[in-house]
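In what follows, structures are represented as structure tokens.
Presented sequentially are two complexes of chain A, the first with chain B as partner and the second with chain C.
Then we have the complex of A and B:
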């Protein structure tokens, strides 16, 4: 187990290096650097060259990459081109917002999805099943940003119940209620999308599990319905779901980018869009690296969880 | 959003070959019979056909109204007989912009998926057929792409190489193939041991012929389902990029750019500006997803779903 863990963590390193090389190459080889963006119409070749020299952008790309890599190893993400503060400072402010958003949507979406999927599978083809299936089918077909706009239209514009911008009301002392009122719509929007996928998956997977021979055996030997459903069927139905744990993360982060931009939340996604537009290379690289690391970590956790739900699996 | 990445239970079941090993038609006609009986899927086909017709005959459908004709006298008007879906902030006719926008939004899906299908089938079949080192190398690469938060990557790439239509086709296609590659590889792993492949090999067929003429046709069923869902995913991706303002730029009309422009007018209650373009994205995605579901069920009737 421990050696498996060590092996996987070591195995993740080349993957992350590979991802960072690709990101670095894409970002740096493209035309139009930060100097052109800052100088705007005042961009003379001399001024551009001077800025590029001061930022170290006139060095060969592999030297720039190696410098970046060794700085990262020492935990140094560099200084933002856009505002001159250490990148880590901007990230430290933005990351919790995104983690909070993604985390709540993830937990709520999966719990609801599992519950609804099981309810559907227990009485398949009933009215309730059709209704819930229809809801999740529509939810997976609505883009998150459109759902967010519809929520704003309904709850902010028509009903006036919820604020649609930012995390807290400006100029008002912080209160948890205020934060919660701001976060309801973003979290519900992201949850709704995740829920749709999970419910559909759990329903199909649960139907399959309930149809297995060992369920018939368990029923035949007189076990109560509850034990059969929750101990025998559910456990087997959730097995394939665990593999999706890691795969769901990139999608959730993508959803967070959109939702942060709709609701003006100061998270990683908003930072990503603004720093890409400003060609703020260090910030873009830091965000891509952190997001990739989180996804790789998520995959690792998924693999470990797999062994926990399915004791037949042995780690080697 | 991550339509390509959502494997469903039943993916791992042996698929029924699209073409029976004896080259026969009965399976195929059975498949179509099952598919035609699926009312939801047929409704999807109908709606999608209407949307594509709308895009193809955009000039006629829009009543020959130029989607970019400004009329600053009538900005932000609600729906009326003159402007069925109202007007935008420059007084442009929204119905016309949505109809013309469909041309871009709907073609992105097809082009991007053609690209991702080509790459995914290439990589998946090579990895699955040859196995060993080739497999390990290609699948590592696939996993790397798969573990990338795609939207971050898309934003980075598109805003740096420039948001032209061609670039957006390419970027979405080049990032959405891993799901297909893994699917194809899985099919190849199980199919390459079958007798009919062995027979072809014994008859002296080369790998290239075995891959394309013998194994691939039998592996296509789940790939077609994934590709269908991928069209929906690509449409959403493109709209998302436009919506964020890093995709196609105004005044180009796409469902995403219209939504992007509408965002600022939402607080004032100008609902038609946001609701109508988004509705068309949902219609397109809903019908494609319905078709995908129907295909899956028709290919694999044992995985009882509805």
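Then we have the complex of A and C:
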């Protein structure tokens, strides 16, 4: 197990380096550098040269990359081109917001998805199944930004129940109730985006498991319905879902970019958008590195979970 | 798995965010242009004095209508903040914060009349080439350090430092010795690029050049309350461009010049001279400024201004409507809704920005003035204002803004008349060929309009132009470019037939860099010796009425000759929660220019939700 883990972690390093090379190349290839964007029409060749020189952008790109890489290894993410603040400081403020949002939506999306999927699978083609299926498809089809705006329209503008801005009310002491009130709509929106897809998947997987011979055997030997469903069927049905578990993270991060912009949350997604627009290379690269690491980690956790849900799998 | 993101397409670069409601526009690289980018002229009814007569809905108490201290105004802006530093700022959102925190030497009212700021008075020398500003002696920086003429001189030195990373150098090129110094700098940069100079040598030599410029004494500080600028010629825009700019503190930035300045922590925790001082916040969520007790003039009434950064205008509008914030800009399609909300003051104002289609006058087709006039006859500008701006804007017939003092309302107008356009083209020898395209000497009337990518009014205007010109037999195609490519590789490189874009003009009418032959922003290659002469006169004439005549003459010539197809100028739309009281005028100067005089009546100081209605 330990040696497997070590192998996987070491194997992830070249993958991360490769991802960083690709993203470094892409952001540097994007038209217009930070100097041009910042100076706008004042971008005379002299002024651009001056800024590029002071930012070190007049060096060959591979030198810039290597400098960046060695700085990262030493834990130095550099200074933002857009506001002069150390990148790590901006990230430290933004990352918890995103983890909170994505984490809540991830857990809620899975729990709800499994629950609804199991309910559907137990009574397939019933009215309830059709109803929940319809709900799932509607949620899969609605774009996240649209759902978010609809929520704001109903719960903020029409009903006045929930705030639509940021994490907390500014200018009042912090309270968990206030935080919760602010996070309800973003988390529900992101959960809704995830949940429909999960529910469909669980339903299919569960239906397949329920039709297996060992379920008939279990029922035949007189086990209670609950044990059959949860211990025998669900555990087997979850196996293919573990793959999905790892793959879901990038999607959630993508969704968070939208949700954070709609609800004005100061998270990683918004930082990513504004830093790409400003060609703030250090911030863009730091976010890419962190997101890539989290996704690679997510996949690793997913692989380890195979062993937990399927005792037949052993890691060597 | 991420959905397509229609909101933050390529249209939302920091550059374009400079002008609200005008996602695609160029801004002049002058300090004054930024001021213009923030704002608008329409007065909030019955609210012209500090003692407001606006009935406060919740305020049946005596407090309503009389200025009182207290309360937090919750403002909103859409872009993440960058350097909160008057000499580095380049976007509207950060500009808003800078205006709360820093005062300029000379301020301007809503009509752009100069009024005292940090300087209580100013005068020019007898030859009008030197400007002397007399500074107040009671101004302190927010950390308590006295503000002196040394700070003003330091600010100019910081801008001209060889490592300076901002965009304000062009405001200072008229100072004695600066042209020569900049030429020297360009030479050194060339050597650095050609590798005949090492990076270290470049740094030493350019710093030496900078120091020897300082020694020439173009900016003199005979005593702590006096600063004199020596120019090489009479230069009328000086008062707006330099007098109107805000100094930075020498004691804070003296060891953070050039390339080190952007890395200073004081760009995110600024120390200014304004009515409000920095309290807390960050660059992506909110920033809070509070009343500065040591302010030299009348202290502000508001306890704090919390500026929330809300990237989507739709979301900011919803937050204003649901009383979570006190201010949002309004998009024209939502104007009707906000007009009817009883607790919102809905205000509009013209802006100093306008959109146009520039012709590449080196293109053989567009050297023909008759063709340009015919195009003007063929394009329905009224329809653009009606359908694209929903009536929130004006048709423009020449360069300039209807809201500025140099505006000439009586210029030649080639008003929409398709029949006349067709006649003009026919009498010029353009005849339809077999496929209906106009032709002369075997050459079809064919060209491409360049425009930046996006889905805003310039792109829609381009489609209207294309369709209108097709109706009269022109073969017009459209090509889109991302903003940065569009500006640098298309416009400034003069690599286009025609291009639809906009100007956000400054408070000063000087348009030398746009219309004088051979200037950087004259990318249409307009060359008229008469206009060259007038532009030169405009810069060296100090009296406003005489200057206005000069610029009105330029506007008439441009309206006749049509180097641009002038299109329209859009309005800015603002909504403010009625609990905010005080003199509030929506003008191109910006709504918040006198926010230090605003107040919130006691019963509503708890938050925007306390307003009734």
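The working rule: the second predicted complex is superposed on the first by the 316 of 316 C-alpha atoms of A that agree within 3 Å, B and C clash if a C-alpha of one lies under 4 Å from a C-alpha of the other, contacts with A are read in each partner's own complex, and residues count from 1 in each chain.
Definition applied: a contact is a pair of C-beta atoms (placed from the backbone, for glycine too) under 8 Å apart; a residue touches a chain by one contact, two chains touch by 3 or more.
What you see is a predicted model; the values in this text were computed from it and never measured.
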When chain B and chain C are modelled together on chain A, clash or fit: clash
Touching partner for A:278 - first (chain B), second (chain C), both, neither: second
Chain B versus chain C as contact partner of A:19, first or second or both or neither: first
Partner chain(s) touched by A:255 [first = chain B, second = chain C, both, neither]: both
First (chain B), second (chain C), both or neither touched by A:143: both
Partner chain in contact with A:240 - chain B first, chain C second, else both or neither: first
First (chain B), second (chain C), both or neither touched by A:225: neither
Touched partner set for A:90, first chain B, second chain C, both or neither: second
Partner chain in contact with A:103 - chain B first, chain C second, else both or neither: neither
Touching partner for A:37 - first (chain B), second (chain C), both, neither: second
Offending stretch of chain B which, after superposing on A, collides with chain C (from 218-226, 236-244 or 290-298): 236-244
Touching both chain C and chain B, counted on chain A across the two superposed complexes: 32, 143-145, 149, 152-153, 156-157, 164, 250-251, 253-255, 257-258, 261-262, 273, 277
Complex contact set, residues of chain B against chain A: 1-3, 5-10, 140, 143-144, 146-153, 155-157, 159-161, 232, 236, 239-240, 243-246, 259, 262-263, 266-267, 269, 271, 274-275, 278, 281-282, 285-286, 289-290, 293, 303-306
Contact set on chain C toward chain A in their complex: 1-8, 12-15, 18, 26-29, 72, 74, 79-83, 90, 162-165, 167, 169-170, 182, 185-186, 189, 192-193, 199, 202, 258-259, 262-265, 267-268, 282-286, 288, 304, 306, 308-312, 314-315, 318-319, 321-325, 482-485, 487-488, 492, 520-521, 607
Touching residues (chain side chain A, partner chain B) in the complex: 15, 18-19, 23, 26-27, 30, 32, 124-125, 133, 137-138, 140-146, 149-150, 152-153, 156-158, 164, 193, 197, 200-201, 204-205, 207-208, 211, 240, 244, 246-251, 253-255, 257-258, 261-262, 272-273, 276-277, 279, 284, 287-288, 291-292, 295-296, 299
Parts of chain A lying in touch with chain C, wherever the complex brings them together: 31-32, 36-44, 46-47, 49-51, 53-55, 79, 81-85, 90, 93-94, 143-145, 149, 152-153, 156-157, 160, 163-167, 170-171, 250-251, 253-255, 257-258, 261-264, 266, 270-271, 273-274, 277-278
